[in-house]
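Below you'll find the structure, written out as structure tokens, and then a few comments.
Per-chain numbering from 1; labels A, B, C and D assigned in written order.
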């Protein structure tokens, strides 16, 4: 039997709190999970700094990746005898599902922003480069690694396969909503996935939903909306992320200023210079980041030291509502007042904005094109979801943004010039409702 | 108002997946949670290497400590108007509950074994030493820190208070069983805690259980039994722990042999010499351990390198059942065969034993004295649980031990002398059922 | 101690799958639960014919009434030390919560429609009439029964008390959404009630919600919306209800036509004549209805016999979408065709319409005035929910109606004149999408 | 295609709170569910009088029958490619699972005891008699109904098939434990069924369990033990059952004494004379029983009236512990004292005993032979569970009996001769612990 078709002697399972069990039969999948590149995902939290707010959210990307694989496995098992479904694509789908997040690093969002990185680029690198993962994929057949990479990059020719992994209602999203809800403990994030799986139908170029399942999809969209605002954009989580981002900025700045670190930050050097090799990227997991942040709590540089101490010990910035469009004047005044008080506003006065688009239909040419959800009507035609659902219509395409201004309240209180404190406080709190 | 009685302006809550919400009203508790010593528990996993087997088990000791606090809070709130209950002990109980695990380090079990440490000693040090925690406790009233330390050490004079924190059915155990079950996703570990809380009654020197709640307690004891054998002693978890222990042994040995590490293992030095200061102890969280293990994957020493690589990439040892009492002969033969094959048996041939005592009544003078569970009968007398419950009787006082022999199957397969391989295999697998 | 303040020697609990436990401390509550009038609710299903569609939905109104009581108990316990809350109203609230559905009969909806009854009228009668319930309430103090009746009728002077029992987000609705979701097994109907209870605040004339809890309320509104369309208005459930209604119509018609029933329908006589005494009303529980329906399966009258046989054996009507406003013509044609085929269209061709108003703000003078949900903003002002929540705004005040045409497909197939069958089928199925 | 192999155009599902969905593909199963004989199970509660104690336990036998079917469906789907499994038996297993409780009447336990009936006899009658069910089964192939009846009667030749339906760990028990736990809301009754299904293996003559799943089976056995003592044998439930039994006895006695009922109890006549036809049996569902009990609340006979009033309004008997073996003397004294006080002890002084045998291995010749649970060891041999599990060993074969003496406390208090009251009270309460 070829490697492609090789089955484990006996099915293996992983106990999973969200899907009960993750089932593995294929030797290829089993081997991929065992690679160092995949095991590394155990040391990267799924939700970055969210555990600062929701202490249960310690789950790793390893966790989530297995979950996405399991959902795709179940979808395919339902598709088995359906028209339009080509079972030759099975292993490709499973591999793409398992590996879709492989390039994530620690605290992806902040690292990508500060160091201009892109986890999707590294996912491609790991799949196509000189890695254990690549060797296994190429054993399936030469070119298979490229196929997997293409599916993840959404450039693969068979769009039905792509839509299983990336669409408005793909396995990725269905897993993370449920998983993040489970581990944070919030009551949002639940929807009837089993129902959705049962009403999914493959057609030529996408997965569609039987219209009888519309309400389950509405519920899923609402879950997403709630999870975004209740969990993902939680202002306390963002406070930790603001500090994290500023630490990275400061360290980079110090490096560029030829500051002498007590211990040379070896793991960070290529990030500072902007020339990160795959090997270096893979080494930088969350443990390493924490190691440096701990060291840096004893650095000479006061800002780096303070920020690291804040991050590690959860002494976060406070926040007020702030509209950067309308309050530019306030902003400039605050900036100057902070300077006057000896608090560097570039690190200690931070506007953070979060936006989401709970459901969006296809608008060609947009940055992040997302396949819309199509309902399969009883008469066989397709109908875009928001044209059929009042609720979805009411929120689709509407971008909502939340702006907050972060600052260290404790430092303010320590300012000696009480007049400055008063002025700052007046601006910060007068606008608040 | 005194600091002792100070209440937060508005109750604060932590969202908790197990108890839904953890409620905090007392300023003292709020301040304790904010200390660096307590925040450090976020970087120490509750279950050490268990996440290697159950990928959901990434939860931290921070998590569990809040949970124990919350359970004690609920118990006390039920006790409010009961005879025997002195509400002056309230804050003491809450602090002891919150802080009882404060001295835990990363992978406590292995570190304690290899470096002869004791987390309980460090808990005392943190509470009584020059720490943020100590300052807060002493603000309550001078001597309060000592009281908290005594409750945790079980030496406090009021035994009722001690029994809330440490007994056969204390808040500690009730929390970890449920929490570990939740995060691993196993179906064991559930029992009707709300019922148990409702039937708990304070008497002079202990907490007892109204006899009408006996079945809920039986269920709790069974949960414990199942969690021990299904989760805590899982052979795959133990394999990771065996490797971890051997890494520590090897690193210590190398240090003592004046081996030149590529990077001096600064964080470990005092552990190697056996003279760990509180400050050094607090710095060593799981991130730091992972940092070194990653570095050591590139060390010259082949054993250290190989073991670290195994631990980080989950290339574990395999195991067979092994009875060290009856199979001493086999053991000696294997030891020699490993040596002959060039595999150091001190690191690669490891017997690991786990035992539990699911329920034990009081036997004075024993190493780990545990207060038995007493039922409060309708006529007001007390009856020790195992005398009333058939099920508990059947398992009480019975120590069950499970021995396994761990070894690297992959290395065996690589031995050139196939005769040796055959001999080893014959011994290893002949005895197995 | 007065009866009003009398506490049970020990708290009693009911095990409840939704709220875990229902707690009773007050002697008055305990005594009310024990009355025959309240016990009768055990024999009346909460969801009428819904168990025909969702087989788990067998739960009784007894069930739900205890749940509403428990929620109000928890709300009040949170209100204990709040301004605006007058704890003298406590027992009044608990009694009103417990008894609010006391006047419900079997299959209320159909019975009320056919026999022009009103369960709220009977609730008043039971509370104020010569009943066990009345005796207990009057023992609290003379006039107390009237107070309870007024709270339930929403005419009580203290509007804060009224809003606990009847508003857009009252204990009644919070209980039934969760309970009906639990027993049907659907995944909708869940929301974070504990959170909502924590953000409820009493003000002078109503209960409001701290604005920080807005998302939990949004989730509750969405649950309601989903439960209405997925469970309460399920077309199969309505089919059973259509048949039930027609049975009652037919029986009444036969009685009025002086038809000779094999066994005189004693329990129904006063319903037929429209002069139902309280005593007669209380006797007619679901068992009695089922008893007669079983008997009537053997009646001479073919329509009564057939409809009863359908109801008892779940041989339901089929349905198609039908818009009575646009399809009047079709309707008239079908009516005639049924007649021609010998199938009485008054019983076998039924349009059923369901509408809901998921959230409505106050519109004085409307039939069913519902207090809107007010958010308590950080600055102390009130804001009506739909002005603050996009999602709620999008669905508020929008009445959605679903019309279906029900008919017995099996009877059609048995029509001899195949031309008629064809014509009927053409009309029924041509319009369907 | 033959009827046997006919599949529904599209899979149908029932929403089920316990198994999420019950899936139906086979036309035969769909048709069986639609029969009046099966629909009748909707009007018979799974747990008889248990809802008197646990108000959530209103679920019907219809509910449970679908659940057992679903579990067998899942087991068979796992067995598909296993050796020893003959897929020709599939439909037979599914039908037997679905229909195994078909002969249950209302409050089976009491009716069977008083009227010397046997629900298994009626299950056979319904399957083999002139019924809708029989017609459908015989359409599969002549003799199929007999096969189904034989499987249920455990006389079918293929013992593997029988053991799926009836053994110590069959689908019947796995369903009812989980279902009854769900609807009562107790925390017992949960075990990892998915795990058990995965470790079930068919061998020649039975279903066995892979030894690696032993702990899941232990957990199941413990659930059973807890459910028996916490739910099924709850003393309050038994009080209602005692009264019910006495009502039936009294009604039979009155009939035999030629007492003139106000309304002739037509539905009961054949039960009184002991000659119940299938047709009469099927008519007597719980509604009918409730109908008569309501009527009998207005009978002349004081005992019948009082008992019915007690049953309908939940005015139950109280109880004390009572050992009929050791307290015969007490019993005789009480019997006489009751007589002296004018309270008929044959109806108002009742000893009720419950026993269970949580796990039993095979003992040929015993009344209720139950196949033991066999573990399949790694070496391929079988081992009886209790020889491998300490916990199971400790409770296996041990019959535990609980005796209680039931009596109407309220009537005692009404006795005029206070001396008698004192004597009775002395006996009743002196013995109690």
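Keep this in mind: contacts are C-beta pairs under 8 Å (C-beta built on N, C-alpha and C of every residue); 3 or more make two chains touch, one makes a residue touch a chain.
Just so you know, these numbers come straight off a predicted model, no measurement behind them.
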| query | A-C versus A-D: which has more C-beta pairs touching? | reply | A-C
| said: Farthest chain from subunit B, going by mean C-alpha coordinates, please. | reply: C
| message | As a quick test, compute the distance in whole Å between the mean CA positions of subunit A and subunit C. | response | 44
| request: Compute the distance, rounded to whole Å, between the mean C-alpha positions of subunit A and subunit D. | output: 51
| remark: Between subunit C and subunit D, the Cα-mean centres are separated in Å by 32
| Residues within subunit C bordering two or more other chains | 20, 186
| message | Going by the contact rule set out above, which residues of subunit D touch subunit A in the complex? | response | 13, 20-21, 194, 198
| Touch list for subunit A against partner subunit C, complex | 186-188, 190-192, 195, 215, 218-219, 222, 225-226, 229-230, 377-379, 390-391, 393-395, 398, 400, 432-433
| Interface residues, subunit B side, partner subunit A - complex | 14-18, 20, 34-36, 39, 42-43, 51, 54-56, 58-60, 62-63, 66, 182-186, 283, 285-291, 294, 312-315
